[in-house]
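Please see the structure below; I have some questions.
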Amino acid sequence: MTLPTPLTGVVPPVCTPLTPDREVDVPSLLRLVDHLMAGGVHGLFVLGSTSEAAYLTDGQRERVVRAVVGHVGGQLPVLAGAIDMTTPRVLDHVGRVTAAGADAVVATAPFYTRTHPAEIARHYRMLAAASPVPVLAYDIPPAVHTKLAPELVLELAADGVLAGLKDSSGDLGGFRRVVTAARTHPGLTGFTALTGSELVVDAALALGADGAVPGLANVDPHGYVHLYRLCRAGDRERARAEQERLCALFGLVGVGDPARMGGSSSALGAFKAALHLRGVITCPATAEPQIPLSADEVERVGKFLAAGGLL
Amino acid sequence: MTLPTPLTGVVPPVCTPLTPDREVDVPSLLRLVDHLMAGGVHGLFVLGSTSEAAYLTDGQRERVVRAVVGHVGGQLPVLAGAIDMTTPRVLDHVGRVTAAGADAVVATAPFYTRTHPAEIARHYRMLAAASPVPVLAYDIPPAVHTKLAPELVLELAADGVLAGLKDSSGDLGGFRRVVTAARTHPGLTGFTALTGSELVVDAALALGADGAVPGLANVDPHGYVHLYRLCRAGDRERARAEQERLCALFGLVGVGDPARMGGSSSALGAFKAALHLRGVITCPATAEPQIPLSADEVERVGKFLAAGGLL
Amino acid sequence: MTLPTPLTGVVPPVCTPLTPDREVDVPSLLRLVDHLMAGGVHGLFVLGSTSEAAYLTDGQRERVVRAVVGHVGGQLPVLAGAIDMTTPRVLDHVGRVTAAGADAVVATAPFYTRTHPAEIARHYRMLAAASPVPVLAYDIPPAVHTKLAPELVLELAADGVLAGLKDSSGDLGGFRRVVTAARTHPGLTGFTALTGSELVVDAALALGADGAVPGLANVDPHGYVHLYRLCRAGDRERARAEQERLCALFGLVGVGDPARMGGSSSALGAFKAALHLRGVITCPATAEPQIPLSADEVERVGKFLAAGGLL
Amino acid sequence: MTLPTPLTGVVPPVCTPLTPDREVDVPSLLRLVDHLMAGGVHGLFVLGSTSEAAYLTDGQRERVVRAVVGHVGGQLPVLAGAIDMTTPRVLDHVGRVTAAGADAVVATAPFYTRTHPAEIARHYRMLAAASPVPVLAYDIPPAVHTKLAPELVLELAADGVLAGLKDSSGDLGGFRRVVTAARTHPGLTGFTALTGSELVVDAALALGADGAVPGLANVDPHGYVHLYRLCRAGDRERARAEQERLCALFGLVGVGDPARMGGSSSALGAFKAALHLRGVITCPATAEPQIPLSADEVERVGKFLAAGGLL
């Protein structure tokens, strides 16, 4: 399907359920998609950071896109991450995910290499020239170690290179710069500005964002859709209360012992444990080399779910 | 061929010559290998950072390994980088480069994700368990944004997981910790410690390193081999003079205007411009999205070559 | 005067006007204070980062506090920064600024040294034990290279160590954690949560912040006070419009050529140039070793003022 | 006394012994100075990072310089750190430490502020213009979060601004650039290049450094002086053995539990515990807010001393 201009609403970065031997668990993935659609989400973002894209082989990535696109059948737009180090490698992913049916691709700046803004611009220009579908920029400095400057995003948007931005930088002031320009400059009509900061979705929508890509929406899609609707209806007080409930729930990402595992193991492990406890997916395994949560840590995930009214 | 235990000497990270349309230029690559072998190098490291591995597609990477392994015909060990974000993706590269004939693989810690030492250990243990050839760790914090702790390297070495270390961290004190332990602990016999710091190869060899992986050896293999021999012969004064000549030559990596391009564009562009000026490769193009050197900048590369006695 | 619990409203970090030979220009400083009070601000924060505290000698710092406290005469609370590397040195500043009449002190985590959360906690506990006035934590990772964890701030608040937080971290999600807890936990009644992020003051207030410490309020105090009142009145649309006007005005911090100067020179130089152009201060000089703005750059500051309706 | 040009040899950064209530313990300080001089050191560096300068009040700093200068009586050059955030504050320290008799001052680039190379150059030019004694640059990126570029150091050296460099950057390649230029450019005769990297003093001397500023020399001055003499005599094998003994001894900096304290608490606590165990100082206390070593951790320091032949 054609990507709406702009794409609005809640667009979860879809977790990738795995089997105990770390293959893509397609039946669980499709149940997860059903769970998200039942929650009322407005689009799906597969192969993002929350999807463990960095851990999935090319074959696994392709399987995910094919399965989700086939299942969704055009009811919702499906965006796919094309996460890799540099332009030639990202272009290979763009080819594969669009062949598999993705409606848009989402790409970061180059990483691993020492990158200059001029090179980032060239990167996105080449991606857009070769991609059969719209390209969104993915700003995620903790992963990429580069911050996309708002000026650069706006220049590329004005030139028709970028169709949108998924902002996981945590820099709401910089994001606002893009959002305000996109709302007020005629040349930027249709540009999509999505926040990845699940703790301030209400604030991002209030300042003009089109939507959100909250990892936590895997666990509680209804909550984020409810929040989105309250914001759009201008019911700020109930929106704030719902956002605060979700902020409390988000505490589950910290259950993993930092002496034993990194932040990805903890957060992605907790999302999957929650989906498992809620009966959505069959196995809570995360990809290698992540460290599994202990039984105690999973129990703490359960307490967060209970406190959030989800169990 | 079987990797020597330890591997000693000069093991250049081989540049990957490209055609003007950014395909692997195999004839130039083989001329470059001949140039390195004529210089007396002791091994070849393909698909490292200097090889632009981060910019090469899987197909291009495989072509490089096959071409070089076939050409070398077992006269020298060929190490291949398996540079990717996480264990499952690195394992795919390990499978491909070893099928193509690599004698050892070189892998970094996970990147893009937020990684914990326990996850790095798990990563290398899984790589070693699956690899048909020895695994060397590649410590390159500017790319990976994690420093491999000497203690972790030594633990993995003692367990037979790591066969060696390529240290591009710039932290000679930490590297020394590994080198000294490898030289003195019986359980670490045969462990290979190579420095990637081309400006202090004499110092690294003096403190016990087995060899060096200097990017600049693409341009001047004879120089680094000469330096290696002087060091091994204990001729410290002439070694220092040769190292200082190479340090001056290394200035060519800074010819690119930092207002116009990043450090990779400048350094890799300069290496390739030098190889082009010396008649080794046909085209000095670097991979996308790197910015090409200007004619003036290339001229400055030529001056460095002339000052270094290489033109 | 006693610090309100909580302190609410707009509390500008007061610029420190200097003479051409870099002495504190007290008459200009007092005119600036009058300008801020005429704008309706609710408190004054002297010796913060925007005040160039890092550049002021101990004698100059003391002069600033005495002059402002004497001039204000208890009409508004005066908070003073106690910016230095570690506890013993900060304690000296606390002694001096409270002797000079400050109503509260604002202190960062230790910097220059390699600091652990346990040491940060100890630091604040010792400051609070010795200070005759309330202590607020100042979270400013770009300066201090440490982020104050919300959990630590809340623990110190619950123990009566911290009376408040000035958050210049840019991490609105983390700030929200503190704000929500302060609003809902009985033990934290009276805790003051102020945002230093001038581009999202509306968002910070909407999620429960008590007030803001916007550097740009030196230039346009009426604007920020107007914004504060619109937010408190629940007039979100006009608040957003006013915030967007201020965001556009904030563009003046970028007038300085990054090839010629750092971000502090540009931003602080622009604030002072604006105050000079508006006739508030006599001389726009910034402290050494900052680079002065060029005439062209000052002209651009004037254009921002004109566009913002301030000239 | 006049600073030698260049200053050569071992110049320890002198620890600052404290009483249990954290006042400067002058008798212990003077015993420490005697211990260092008995070890044969060639100069003393007070108020450096190892001296806990960041933790000392202005009064304490002055007391240290006066005591040491008076005690040494011109037998050795005494360098003093002037560690503070920016030019005006550093100038105050320069005035105080030179009034107290320091023979040279050592200053970092500005910190806390966002600093540009042009501002760093201006900083050092102003310091040199005002200082009655030579100024050395102190390159310590982990504290200052800026790396001094070799080109900038050399430019300031050529202009007579900098008399020397104390390099604690860990970047031996960059340090070599300065050392080689200082040795070969006529305009740089007399420039002093000292390494602060205690683990590679042999390597730094081999490539041309004038001397070393090893924190560990507080604990074992004889060892570093012995190492220096072996290096100067060209006895590389015994030099390497002595350096390796000192590297093993250096392991004591890691005795502090990282879950309980930061790196400064551990390293400085271990140096002082060692000096206490060796009977040189009366009390091993470190300055606030550092965390004291536990009895077990002190016991481990003792084992390092025993293994190093120092107990």
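Going by the order they are written in, the chains are A, B, C and D; count residues from 1 in each one.
By our rule, a residue touches a chain if its C-beta (ideal position, glycine included) is under 8 Å from a C-beta of that chain, and two chains touch if they have at least 3 such contacts.
These numbers were taken from a predicted model, which means no experiment stands behind them.
Trainee: Could you work out how many touching-chain steps separate subunit B from subunit C at minimum?
Mentor: The fewest steps needed to get from subunit B to subunit C is 2.
Trainee: Chains shared as neighbours by subunit A and subunit C?
Mentor: none
Trainee: Work out the mean Cα position per chain and let me know which chain is farthest from subunit B.
Mentor: C
Trainee: Regarding the subunit A and subunit B pair, does the interface count as same (over half of residue numbers shared) or different (under half shared)?
Mentor: Same, since over half the interface numbering is common to both chains.
Trainee: Could you state the distance in Å from the CA-based centre of subunit A to that of subunit D?
Mentor: Taking the average C-alpha coordinate of subunit A and of subunit D, the gap between them is 49 Å.
Trainee: Using Cα averages as centroids, what's the distance between subunit C and subunit D in whole Å?
Mentor: 35
Trainee: Specify, in ascending order, the residues of subunit D that touch 2 or more different other chains.
Mentor: None at all.
Trainee: Looking at which chains touch, is this a line, ring, star, complete or other?
Mentor: Contact pattern: a closed ring, each chain touching exactly two others.
Trainee: Each pair of chains that touch: what are they?
Mentor: Here the touching pairs of chains are A-B, A-C, B-D, C-D.
Trainee: Contact residues on subunit C for subunit A in the complex?
Mentor: Listed in rising order, the residues are 170-173, 176-177, 180, 197-200, 202-203, 206-208, 234, 236, 240, 243-244, 247.
Trainee: Report the residues of subunit C in contact with subunit D in the complex, numbered from low to high.
Mentor: 22, 49, 54-58, 60, 83, 85-89, 92, 110-116, 118-120, 122-123, 126, 142-145, 258, 260-265, 287-291
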